[in-house]
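Heads up, the next two complexes both have subunit A, just with different partners, subunit B and then subunit C.
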Partner chain A sequence: MALVEIENLSISFGGRPAVRGLSLNIERGDRFGIIGESGSGKSLTALAITGLLPETAKVSGQVRFDGAPLPSNEREMARLRGKHIGMVFQEPMTALNPLMTIGDQIGEAGTLADIATDIDGLLQEVGLLPPHGARFPHELSGGQRQRAMIAMALASQPELMIADEPTSALDAITQRKVLDLIGDICERRRMTLIFISHDIRAVAALCTKVAVMRAGEIVEQGSINAVLQSPKAEYTQLLLAASRMERRPRSAQAREALLTVDAVSRDYGHGGFWLWRQKPVRAVDRVSFSLGRGESVALVGPSGCGKSTLARMIVGLDSATEGQFRLDGTLYHGRDLPPLLRAGVSLVFQDPFSSFDPRMTVGTSLGEPLRLLGQMTREERERRLVEAIASVGLDPVMLSRYAHEFSGGQRQRLAIARAMVTKPRLLVLDEPVSALDVSVRGDVLNLLARLQEEHGLTYLIISHDLDMVAAMADRVLVMEAGRIIEQGRPNDLFARPQHELTRALMAARLPDVV
Partner chain B sequence: MSWRHNPGLVGGLIAIIIFAALGLTSLWWTPYPIQAISVADRFQPLGPEHWLGTDHLGRDLLSMVMHGILTSLLVAASGVVIGIGVGVPMGLAAVAWGGWVEWLVLRLSDLAFAFPALIVAILIATLHGPGELNAIIAIGIFNIPVFARVARGGALAIATQDYVAAARLAGLGNAAIAARHLLPNIASLIIVQGTIQLSLGILAEAALSYVGIGTQAPETSLGLMLRDVQGVFLIHPWLSVLPGLTIVFLVIALNIAGDGLRDAIDPRLRRQGMNHGAG
Partner chain C sequence: MLAFLLRRFAGFVLMLLASAAVIFLLLDLLPGDPARFILGINASPDAVAALRLQMGLDAPALERFLQWLGGMLGGDFGMSVTQRLPVAQLIVERLAVTLPLTILAMLISMIVGLPLGILAARRRGKPADTALMVLAQTGVAVPNFWFGMLLTLVFAVTLRWLPTGGFVPWHEDWIGSLRSLVLPSLALALPQASILARVMRTALVDVMGQDFIRTARAKGMTMDEAIWRHGVRNALLPVLTILGLQFAYLVAGTIIVENVFFLPGLGRLIFNAVTERDLILVRGATMVLVVVVTATMLITDLTYAWVDPRLRVRA
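Right after this comes the complex of A and B.
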């Protein structure tokens, strides 16, 4: 008998269906992956299994756990969740209680299931040390918090663990470690796993069975090998194709420098007053490099290594404490970048959802940087906007709409259009695709490659996604703790990584599917 | 947002419109002139001649309540206008410029918070004599730090968004960012706080008039009506119950409408069901 049986499950909100006619059987011991884009209903399916759907949801169909239908009584449902189901959420910081120590929270989860908990043992099982149990969530790193979440889920010795995008808030190295940990634990405890993700490679690395969801329906399911080797549904084929990044042939001739970064440092003061002032933290430490015209350079490193701070200084959002930049022969230190040169440098933000003012039409937002070029006639302005939006493959009619009417991929295209509107020479791309669904990442990268070819752009790409870097960059700079520790062409660097961090980043890459 | 889903907003707004219409009518027409004293007609009960009766000087109570509502609304609304006009730019400037500007704004609002409206009103009354205008200024000064804090709090959250950084990249100065990006995005917060301050302002006006440093006779306000009749409260309770109840209903209507307004325009509360776990 299957552990979880879902029969004809439909969920809708205010008449809008979110999940339609979904049927699933999850056998004991399965590691079941659910793949889908954001909004495809994969998280709602998991919430339906745990009976945690919001009250406004209209549900029909049946969910059976261990042969019995889910109890309608909230108290019994809570007991079922406490004893038989463990859950790991996407964002561990908000899923843990900030006022309780990790150990107490793990102990509480065990007490609720009437199980004497060996807290130290659980901590060790998830790769933490006993002293970590006495700490509060904010005293742990993101990866450690997620480990603590897993220990909490394990405290009740559940038969089923549901992990909802457990690694998407973590950086590449931690992501791989947490995935391996989940896999090991399921193996050891013979636990059933439901793993929800939009990353087909994470699912391929961890799961034995998989269901692919789109717009509230399952388009394909089966064993992981069958689905990945011979995908039947068109959408699965699309997802698989998008997860492979083709490397672009790049020429490697020496180029004249467009931007030179000369021993730049950035210190952050840390509060305190006069004599009691704490020692400033150095986010960027004497970094020097140069970008050639038309070159595409990637800046790689774990979160907190100073790569975003460096990018903000280059585009003029922040000023260097020491050192200077030279763009096209003009010296600047950051915020003092003169307007006309500012028009020559653009930044594309990571999160397409917060980079447009919700109260402005897309056209107004796109037109904002044009003021850098001085007075402009109405027609000229209009012409530039239409040109920019057409160059990213969108319809000029969209200029009069608002940002919330667009999907993530479209918004990132619009963000690129805004960056292109002043016809810059240097584009700084801060994790340009990491907030996007896998299926549209390829499109956006292709667009960036085409724009570079057409306009002779120089790219500085900031990322921790080595596959994307390998596909896009001519040269890679690896950054750790504010310094550049290694650089080289991607093929050489990835084939023979010299530095420990580079090796760790390489090891964290998820294996290619197929 | 359909009207049917928000009965509070509709009910509150209708009540406020009725109150405001009563008040505005008193500008052109009242059943009796409010200054018309006729001692012979004093303490008339409710009846066809005087719908709500008369007070200890024989003045028509309905006329006085109508005019009192107008005074209360006018004073409170002017106080809110002063508060928004000065406080919101202060709060926005604190966020857009930061540094010593922010320090100055915060310390100024601390200072203003330290003086209750009553103390400010007494101070102004000592310097310039009591009156409606002084009540407006006192309530306005009291409102400034409230709006400065609300504007700063809202704008702080907006200022970390990427679109503000994008605007800086586009060469917009601090003032332009505050006007183009920060202000439109905190407008809903300001409107909601405005309705709250409006009801507080009505209470403050009543209190100031009651202690005798607000509206002065022969003008009238709800607080002044309470003050006038406190000596005969035990014999003719209706004379103080009427203005008291009017204040209560006015404030309740404003609070209900304010709550409804917040539900209607606060995106965090809107369509909560759909946003939760959609993925």
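Right after this comes the complex of A and C.
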């Protein structure tokens, strides 16, 4: 008998279907992956198994756990999940109660399942130490928080673990470690796993079976090898193709420098007043490099290594404590970047959802950087906007719409259009595709490559995605704890990584599918 | 933690010193002679000279400021010109009414407002929520002097359960004192309870959508258990800020209700002192209010740090 049987499950919100006629059997001991993009209904399916769907959801069909239909009584359902199902969510910072210690939160999970919890033992099982139990969530790193979350899910000794995108908020190295940990634990405890992800390679590395979801329906399911090696559904083939990033031909010719970064440091004083001032934290530590005209340079490193701080200073959002920048011969330290030069440097943010003011039309939003260029006639302004939006492959009619009317991929195109509107020479791209669905990443990267060719742009790409970096960059800078520790052409660097961090980054890469 | 406490306390003292300086400057260094101001235009030059001597106005400003500060530390706030009594004694007498009144009003508003806010959040979008929020809206809109008169009419005039006004001193009959504070504190508490209910509801609705509530439910709790064990404490953080502000507002803002109920409170004392140009009394009473408000802010800050570990670390 299967542990979880889903029969003809449909979920809708206000008449709009989100999951349609879904049937699925998960056997004991399976490691079952559910792949899909945002909005495919994969998370809703998991919530339906645990009875955690929002109150506004209309549900039909049946879910059976261990042979019995899910209880309709809220309390019984709560006890069932408390005893038999452990859950790990995507964002470990917000998924933990900020006011309770880790140990208390783990203990509570055990208490709810009537199990005497060995908190220290659980902490050790997930690779933490007993003292971590006395800490609060904000005192742990992202990876440690996710480990704590896993320990909490294990406290009730569940038969089933549901992990919903457990690693997508973590950096590459941590991501791999957490995935391996989940695999080990399932092995050791003979636990059934439902692993929900948009990352086909993570699923391939961890699961034995897989279901591919699209628009609320399962388009294909079966054993992981069968599905990935001979995908039948067109959509699966598309996802597989998108997971392989095409390397672009890059030239290695020496170029005249556009931007020079000269021994730049940034200190953050935090807290303190006068006599009580604490020693400042050095986020960026004497970094020097230069960007040639038309070059694509990638800056890689774990979260907190200072790469975003550096980017903020380059575009003039923050100032260096020491050192200086030289853009096209003009010296500056950060915020003192003159407006006209600033128009030549644009920034594209990671999250296309939060980087648009929801109350502004796209046209107003795109037009804002034009202020840097001084007075401009209405016609000129209009012409620039149309040109920018057309260059990213969208219709100028869309200028009068609002950001929420667009999909993630379209929004990132709009963000690129906003960066292009001042006709810059340097684009700083902060994780430009990591918030996007796999199938649109390729499109956005193609767009960036085309724009670079047409306008002779220089790119500084910040990322921890080595595959993307290998596909896009002429040169890679590896950053750790505020310093650049290694640099080189991607092929050379990845073939012969010298520094420990670079090796760790390489080792954390998930194996290619097929 | 100790560093945190010390720093907050140092901030508190600095704040008091700065306020004292401002109060001193405003009332003492303004153009014109304070003694003449107090006595009025028609006072004889002899009377003005005598008052100047009594107030020590001939000494340099800095010396007088330090003397004033030193006096207050020793409990000497000077003599009231109009009442011919020590300012400290007048203020203590009045605080014995205003402080219990404020605390009672705060307690009532919390006991009524917080549970109703939680209930509304739990029943969000349902009739109970709508009814409660309409009620809260009304509570904010109704002026408290009008509500006070209504209460008097019902409970004092018609039902004769409670006195219509006035105050029985604590040492004579403390039950009587409490009885005379019931209606005024209800009148004061109504708008505060309404605000608290609204803030609590919003904060809790916000918290209910957070991931850690889903985590708590995933661990095996029902929604109500999750709200009770994890939600309320988190939702109390924004409520704390409002509570601090409300207390400060109540201490200084009781004057209208004190007038409606003929209570000899601090608000009335200050009001009379201002109309009678009793500068010494105004200055002393203002300083006391500053101390109360600043201390409230300090306590709010410390409570925050106690509830929220994230604030402790930065210390």
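Operating definition for what follows: the second predicted complex is superposed on the first by the 514 of 514 C-alpha atoms of A that agree within 3 Å, B and C clash if a C-alpha of one lies under 4 Å from a C-alpha of the other, contacts with A are read in each partner's own complex, and residues count from 1 in each chain.
We take it that a contact is a pair of C-beta atoms (placed from the backbone, for glycine too) under 8 Å apart; a residue touches a chain by one contact, two chains touch by 3 or more.
A quick note: this is a predicted structure, and the numbers were derived from the prediction, not measured.
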Mind working out whether A:79 is in touch with subunit B, subunit C, both or neither, as first, second, both or neither?
second
Touching A:329 in the superposition: subunit B (first), subunit C (second), both, neither?
neither
First, second, both or neither for A:13, with subunit B first and subunit C second:
first
Of the partners subunit B and subunit C, which touch A:349 in the superposed model: first, second, both, neither?
first
Which superposed partner A:152 touches (first subunit B, second subunit C, both, neither)
second
Should A:97 be classified as contacting the first partner (subunit B), the second (subunit C), both, or neither?
second
Counting only touches as set out at the top, which of subunit B and subunit C does A:374 meet: first, second, both, neither?
neither
So, A:511: does it touch subunit B (first), subunit C (second), both, or neither?
neither
First, second, both or neither for A:67, with subunit B first and subunit C second
neither
Which subunit A residues are contacted by subunit C in one complex and by subunit B in the other?
52
Could you list, by residue number, the parts of subunit A that touch subunit B in their complex?
13-14, 16, 18, 38-44, 47, 52-57, 315-317, 339, 342, 346-347, 349-351, 354-360, 365, 368-372, 418
Interfacial residue positions of subunit C with respect to subunit A in the complex
3, 7, 210-212, 214-223, 225, 229-230, 233-234, 307-310, 313-315
Taking the complex as given, what residues does subunit A use to touch subunit C?
50, 52, 74-75, 78-79, 81-83, 85-87, 89, 91, 94-100, 108-109, 112-113, 136, 138-139, 149, 152-153, 156, 270-271, 273, 276
In the complex formed with subunit A, which residues of subunit B make contact?
161-163, 165-172, 180-181, 184-185, 271-274, 276-279
